[in-house]
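Chains here go by letter, A, B and C, matching the order in which they are written, and residues are numbered from 1 within each.
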Amino acid sequence: MTSPSPFPHRNLLGIAGLQPHEIMFLLDEADQWVAHNRAHRTSDHRLDGLTQINAFFENSTRTLLSFEIAGKRLGADVVNMQAATSSVKKGETLIDTALTLNAMRADVIVIRHGSSGAVRLIADKVDCPVLNAGDGTHEHPTQALLDALTIRRRIGHIAGIRVAICGDLLHSRVARSNIFALTALGAEVRVVAPSTLMPAAIDRMGVTAFTDMDTGIDGCDVVMMLRLQTERMEGGFIPSLREYHMLYGLTPERLKRANAEAFVMHPGPMNRGVEIDSSVADDPKRSAIPEQVEMGVAVRMACLDVLTRERRA
Amino acid sequence: MTSPSPFPHRNLLGIAGLQPHEIMFLLDEADQWVAHNRAHRTSDHRLDGLTQINAFFENSTRTLLSFEIAGKRLGADVVNMQAATSSVKKGETLIDTALTLNAMRADVIVIRHGSSGAVRLIADKVDCPVLNAGDGTHEHPTQALLDALTIRRRIGHIAGIRVAICGDLLHSRVARSNIFALTALGAEVRVVAPSTLMPAAIDRMGVTAFTDMDTGIDGCDVVMMLRLQTERMEGGFIPSLREYHMLYGLTPERLKRANAEAFVMHPGPMNRGVEIDSSVADDPKRSAIPEQVEMGVAVRMACLDVLTRERRA
Amino acid sequence: MTSPSPFPHRNLLGIAGLQPHEIMFLLDEADQWVAHNRAHRTSDHRLDGLTQINAFFENSTRTLLSFEIAGKRLGADVVNMQAATSSVKKGETLIDTALTLNAMRADVIVIRHGSSGAVRLIADKVDCPVLNAGDGTHEHPTQALLDALTIRRRIGHIAGIRVAICGDLLHSRVARSNIFALTALGAEVRVVAPSTLMPAAIDRMGVTAFTDMDTGIDGCDVVMMLRLQTERMEGGFIPSLREYHMLYGLTPERLKRANAEAFVMHPGPMNRGVEIDSSVADDPKRSAIPEQVEMGVAVRMACLDVLTRERRA
């Protein structure tokens, strides 16, 4: 009799729906890859002979680079398909693109897409595991996993801690995935945003909403800042970058409202001087931002490894 | 005494000029790679240490991806040179680009170019095998090979079958290469197009021309649709997409004119609702379109392997 | 007791500051890679398990391709980050990009950037070796090394030879790096340019300046032409391409002023008919241009190997 798989899902489309022990399992796996990567040159080509296609319909240097490095470190044949040069521009439907990638016998497909739900649409059409690298305003599960791993490694646990997620909650898949992950793992999650950038039904996600930042981050262990899409200003969501910084920018003074050992996170790329001050971002004791990037590669190695295990059995 | 090589050509620039047994040899080789790819993880790194340069002067996601996966599955060091970011934009001549790729000691160069004959021009200047991935309105030999392989696997043979190639014959290198391959292998080939999109000298290619589609596909075993470049409409080649669809679009009704077991092919990307209806494209029994993509990788593996054999000896 | 390293630098940011024996050491190493590359398929995966990131903030097909092939031939996991699709466009600072690449645990970073000094800025922020692939009008050290290697292999030595560098000296990092390398290795260096394209303090670099090309190349062993950025014409630096060609273009007649065995170099891509005539560029006896490209891959393999040695120890 074989024991049940610790991660019995074919795809990783989001954090919603995952069991806490499944999230923890991925974090445990990722922890091993952190050690592996730090030791350099411990070649591990367990994905040798597998084809990983990174299909990015939305530009993203960091996430693409992270998935590409993760796959190559595992020995996969990694190929990138970027929308800017793709037949998507010739008017091909998403389904046709999915069928094409599938027919090329991909072993795992990593997808980023500007539309919520597009990744699931593709996943339903292909025979191999699909990893969501961010879809619209829906989910960005590997970002939430790398954030959780960063927190767990800094504090030692996630249950019981208090996290404030601050900024453009309305458009942020990063925030959504983090809320799912952190609440599942037992953290108290607060969200801080101007009312124009706060989702209407945010209360139902098990978080407490604040429009005043000083109150919102009061007594928090982690302050997670979101990137402000500066094009939101034209949309009328915020009056001006300067006012946004004044009310919602993370300054050293404001950070004093959080716990004495609180640290700061940001998914990047940062708008320095808008949502975060450089003196905070560059403080090695208070900023976990470079760790987040490092954890990103490890988490993606874990996900690629776990999702292709059955296929390699 | 050594037996003569079954494929005594340095390059694959086109189907024209190949002997039927040479085409069949490539299809046989590709057949083995289909099995290999379906079995997953049967690593075969016979191109290890060889450098494959994909020089694409024309955007093409599918074909580039297919050649990239093919090369990586064989263990080659694959590098892409895409014109969009190339010194071609700085006004470098094609010859200088060829000499540069050659001086980097490429072992095989895959080229796509918007001008007919450009691939041969490069092939004449370099010391390694060159594979034509589509040049102008001239040839697209690997497309014809993958189409022939798809047909041979579905029907069991090519000699004696009746194939209708329908659409923009005038600008189609896919059609040209297919006509060369299918007639060489003994198929009866018909071409169907409005007179504005029918090449003047098509009769000399050994095919029968039809301007009426119902008549053209009557009794055919294979209906091969071509992509309509929608920009042809501005050129005055067709009155409107709607009228084109009415007269030359492949609908389920129209397909009834073909044989009862006839199947449909399309090189992709498709314009659904223009040259082909979704109900035809998505019918797993009638549509061989995903198989074509799968055969594409296998055919390209075969070509890369065969053309570099001498070099690896 | 261990002997001192023959190349005791963490980075290769420029030629300025290198000792002659250090330059010679890199050339000796590169010589071995030339032989290796010519022998094909002598797999050498000494960089297996290392991650090489090519971060190109300025488009460059040839240099990127050369570094990519060099890294892959050594077995590195090579990933490209091109600015056109990068978060740099989202306004991320250079420092943040550097920290991101570093956090991904790159083992060597190759950088091209449009601003002089940007590469050093990044090198100061990361934990791994950095290779300058061209920064602003500052340096392009691997170009100077490949040029020196080309000369040394043609003539047998560099000390005592006379080299004329001709063209847009004012904006040329290639010229600067070559002047540093060639004078360090004992060559007599002349520079030839119209006064509008001649740097003011050029004399202090140990070269002799000429505005008349016939006089400048008189009795030279090597004539090194620079690419004319044709956009200089709009800047008013030159009156017209035609006049530039008349006064500074390398024609077969003009080349007669150089030594009988003199040969011609050009970093590419060439403007044929502007700074160089095709009859000169394509003369296999007089033109060393394809050799330069070949030496480029070898020099980059040497640099990648040498700079990562400590890390692999």
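In this section, a residue touches a chain if its C-beta (ideal position, glycine included) is under 8 Å from a C-beta of that chain, and two chains touch if they have at least 3 such contacts.
Small disclaimer: the values here were computed from a predicted structure and weren't measured.
Trainee: What topology does the chain contact graph adopt: line, ring, star, complete, or other?
Mentor: Per interface graph, the chains form a complete graph.
Trainee: Give me the C-alpha superposition rotation for subunit A onto subunit B, in degrees, nearest 5.
Mentor: So the copies are related by a turn of 120 degrees.
Trainee: Between subunit A and subunit C, two touching copies, which fits better, same or different residues at the interface, with half of the numbers shared as the threshold?
Mentor: Mostly different residues: under half of the interface numbers shared.
Trainee: Just curious, how far off is subunit C from subunit A if you go by their C-alpha centres, in Å?
Mentor: Whole-Å distance between the two chain centres: 40.
Trainee: Given the complex with subunit A, which residues does subunit C contribute to the contact?
Mentor: 48-51, 53, 77, 79, 81, 85-93, 96, 99-105, 107, 311-312
Trainee: So in the complex, the part of subunit B that touches subunit A is made up of which residues?
Mentor: 37-38, 40-43, 59-62, 65-66, 68-69, 72-73, 82, 84, 230, 268-272, 289-294, 296-297
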